[in-house]
Amino acid sequence: MAKHNIGYFFREGMSNMFSHGFMSFAAIGITVACLLIMGTFSLVAVNADAQLKTLESENEVLAFVNEDYTEDQAKGLQSELENLSNVASVQYISKEDAMASFQAQYPDEQMFQNNLKPEIFRDRYAVHLKDLHLTKETVAALKDVEGIDDVNAYEEISNGFITVRNIATVVCVALILILFVVSIFIISNTIKLTTFDRREEIAIMRMVGATNGFIRWPFVYEGFMLGLLGAVISFFLQWALYEAVARGVATNDTLQLIHIVSFEQLWVPVAAVFGGTGILIGVGGSLSAIRKFLKA
Amino acid sequence: MIRLTDVEMEYENGTDAIRGITLNIADGEFVFLVGPSGSGKSTIINLLTGELIPSAGRIMVNGFAVSTISGKQLPLMRRTLGVIFQDFRLIEKKTVYDNLSFVMRAVGASPKEIRKRIPYVLELVGLKDKALCHPTELSGGEQQRVAIARALVNNPTTIIADEPTGNLDPDRSLELMRLLIRINELGATVVIVTHEKELVNRFEKRVVTIDGGKIISDQIGGYVGGTIHG
Amino acid sequence: MAKHNIGYFFREGMSNMFSHGFMSFAAIGITVACLLIMGTFSLVAVNADAQLKTLESENEVLAFVNEDYTEDQAKGLQSELENLSNVASVQYISKEDAMASFQAQYPDEQMFQNNLKPEIFRDRYAVHLKDLHLTKETVAALKDVEGIDDVNAYEEISNGFITVRNIATVVCVALILILFVVSIFIISNTIKLTTFDRREEIAIMRMVGATNGFIRWPFVYEGFMLGLLGAVISFFLQWALYEAVARGVATNDTLQLIHIVSFEQLWVPVAAVFGGTGILIGVGGSLSAIRKFLKA
Amino acid sequence: MIRLTDVEMEYENGTDAIRGITLNIADGEFVFLVGPSGSGKSTIINLLTGELIPSAGRIMVNGFAVSTISGKQLPLMRRTLGVIFQDFRLIEKKTVYDNLSFVMRAVGASPKEIRKRIPYVLELVGLKDKALCHPTELSGGEQQRVAIARALVNNPTTIIADEPTGNLDPDRSLELMRLLIRINELGATVVIVTHEKELVNRFEKRVVTIDGGKIISDQIGGYVGGTIHG
């Protein structure tokens, strides 16, 4: 390809974009709309996932120590518990601590505040698991430990929790996939429509002896520019939107608790996905749109 | 060199446009192709450019076997041709200048060549001051002259023109004919489809007459048919 | 309008739709995609809302009776509490009942099962509120009642709950609105693109003396048919999707608890919204697309 | 009746296409409008149909003041005209039959009238067996005849033709002229733009010659200009 051709293709692609003003506007607008919807859902999903991970890590299993064990004997179990597979960490909670936290939970039952004695509680370990899916197996392993009388696994709770999280993940991934497919469908159709009235132009180029490669390049450039422009606009809109929401959450009394992942941590993948998707769709749409005119 | 051997063309809808034509045109010849409306003249032109594939027969154009040409060879064959279409086929979104520069680009001309050649060709067809107009801003005859300029711009060895004077006044028609004859004298093969009996009769050139998809006469000078001027 | 014209317009609209095969296909496909996305979100939101409403109704405030009151005295407060504004219902819970439910909550603290006496609990009322927003005011009113010592309002909980619900509602409504606007944008652009290569046809009709009304009708019919077809296809796809998800939820062990609103309760509004939106967009898009060609 | 009074037309890009034309054509007249390419003939046609609004002057067509016509009146005025465009303007997606039925519908003809009229008109222009073809399946001359048929189909009181014979062979051109003369003798006004000196000279009709946007001659019979046939 001669050097002056590259510039020509580029200028041709650009000028096509502008001379098909309305068409280009529609294609870019639709790209932006689709990317924004996809992006917003993905970001909500990322945040929800981060939130859920935090909650999950707080989930614990209680292992009660035999009532006949002394405090020292009870403490002695720690290393044995820690060595079990799937146990992330264990924390010893004495009778006294258990009572204190129990009392804190029931400030309104006056009697609990004065009449309770630590002796009615048992020593216990709060056990954090690595993988909640294996709760059942780990509970069995904990129960097999000499000196552990009973395990409160909250099994239904953690099971339910995992299910909810799994469903949330599946729903999010499904929605994003659907939106992705829909976006590609919409954008490539738009580009096809915009190139539809160019078949004449292509026919003339073919008639005067232009090669298919030569005919293709301006369209590729045009698709590239359309996709890139759509991606860039979407990226900045997405950024602005994200920051606005994040600020809203941060200044709201109740919502402060929600930890919003900062955009700095996210912008690289967001930019990459937007750019990649935009360009892919733009170039792919253009190529598929002119393919049939190049055949005959 | 153009050589058609037993060529037949039946369109998809069953119309038998060409029913066995054998025709040789040597390099450097000047040929008028005449015949009534619907006789198959434009179909022959489209067969020569490779736009149509014949149902039967063999077509050679400037050394390429058009009837069996490959996708890679087709552009090379077409670069040897300058075609003026009956319906002009200009790009409405491009100016006259860009309509021409675009086809020079397409065959790899440099910007310098383009800047030199286009004003010269526009001058030839008398459209120098319409270079920046769009086709929709031109009269019918002016559009036809842009189509003519486009066919000339790449300096083809063979010029094929389908009714190049249908929208031109007699003065312009004569001028265009003289231009094509000059180009022919410089070595190019010229094939012209026309109804203009006046023009055909004025020049003592080879006249091939088609009717009903067959050659009914092939002689030097004299429009065959056309009772009003008979 | 002569009688034979109505049939003509209709046939013309239909035949336009078919003769612009690819364009029509694109417009319908995009309508379906947009309606489905909008519909799915709306239906998820409706279900989430129903779910939240159920949870909300279970939310209660505990009003503790003075320890010196006898059981009869305590029961005597019921009508007074019921008469407070914003109180939906009150349920008397005796010391014994309170202990029983407390014990049920802590099956693992062995000592609670044997050593507790009802006397350490207080009589109480579970108070259901009409409007959770007014919790604060109602708590104050409850406290003012002679014989009510203390109120456990779970104020933070219900506050947080309301906030979460409000946010969910706002997010859903915002998403649906955005999707709606985007859908209209996409579909009307598509229809504009599809009518773009009809300007010639329109110019000829004008040139032979057709009135603007005459020119407009086939386009209106075409837009109507496109929109309606898109809506009908979307409706059935949405239905199938909904039933599939509902069946999935019903057969899943954990998810059974979630109450899915049956499609029978929803199909009328879904059909109405889909049909309305589809036709509105189709006809509106067509009209706006040909408007500029009718001007000059 | 057509009356142009001091009409001027300057296009948006500054081209002065018409520079002061006053012209009266009585009901039932037959007029040739001739002139070189780009002289302003098609511009006059477009002014008559209301497609262009003059920069100055007054235009009356069949009792309508075209230069100041309202949106409601314009269709009524246009129904009195049958226009044959230089570039045909056929709808490619419709068959020949539908291209005609469509314009009859547009003015409110009944299906019965349509079924009767279209075969008759197609017969007149010799395209009876092409009724179900699409314009892309027709030769240039056949397309032109469809355009002619479309102009005749609504039985207009005035026929305006821009180069109706540019793509027709001499026999067909003569036939078409005879048809238009017959229609003229039945009472219609006919205005024909043409380059064909032969045709103009053959009939002793009024010839208005335009050059550079002005009338340079208005006489009975005889093509003005066109040196080759002079």
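Per-chain numbering from 1; labels A, B, C and D assigned in written order.
Assume a residue touches a chain if its C-beta (ideal position, glycine included) is under 8 Å from a C-beta of that chain, and two chains touch if they have at least 3 such contacts.
Because the structure is a prediction, the values reported are computed rather than measured.
Asker: Touching both subunit A and subunit C, which chains are there?
Answerer: A chain counts here if it touches both subunit A and subunit C, and no chain qualifies.
Asker: Which chain has its C-alpha centroid at the greatest distance from the C-alpha centroid of subunit A?
Answerer: D
Asker: With chain centres taken as the means of their Cα atoms, state the distance from subunit A to subunit B in Å.
Answerer: 62
Asker: Between subunit B and subunit C, what is the gap in Å from one C-alpha centre to the other?
Answerer: Measuring from centre to centre gives 67 Å for this pair.
Asker: Return the distance between the CA-based centres of subunit B and subunit D, expressed in whole Å.
Answerer: Roughly 28 Å separates the two chain centres.
Asker: Which residues, counting only subunit C, touch subunit D once they are in their complex?
Answerer: Subunit C residues touching subunit D: 2, 4-5, 8, 19-20, 200-201, 203-212, 214-215.
Asker: How about subunit B: which of its residues touch subunit A in the complex?
Answerer: 49, 51, 71, 75-79, 81, 83, 89, 91, 93, 102-103, 105-108, 110-111, 150, 154
Asker: Quick check: in the complex, which residue numbers of subunit D touch subunit B?
Answerer: The touching residues are 11, 13, 15, 34-38, 41-42, 86-87, 133, 137-142, 144-145, 162-163, 166-174, 195, 197-198, 202, 223, 225-229.
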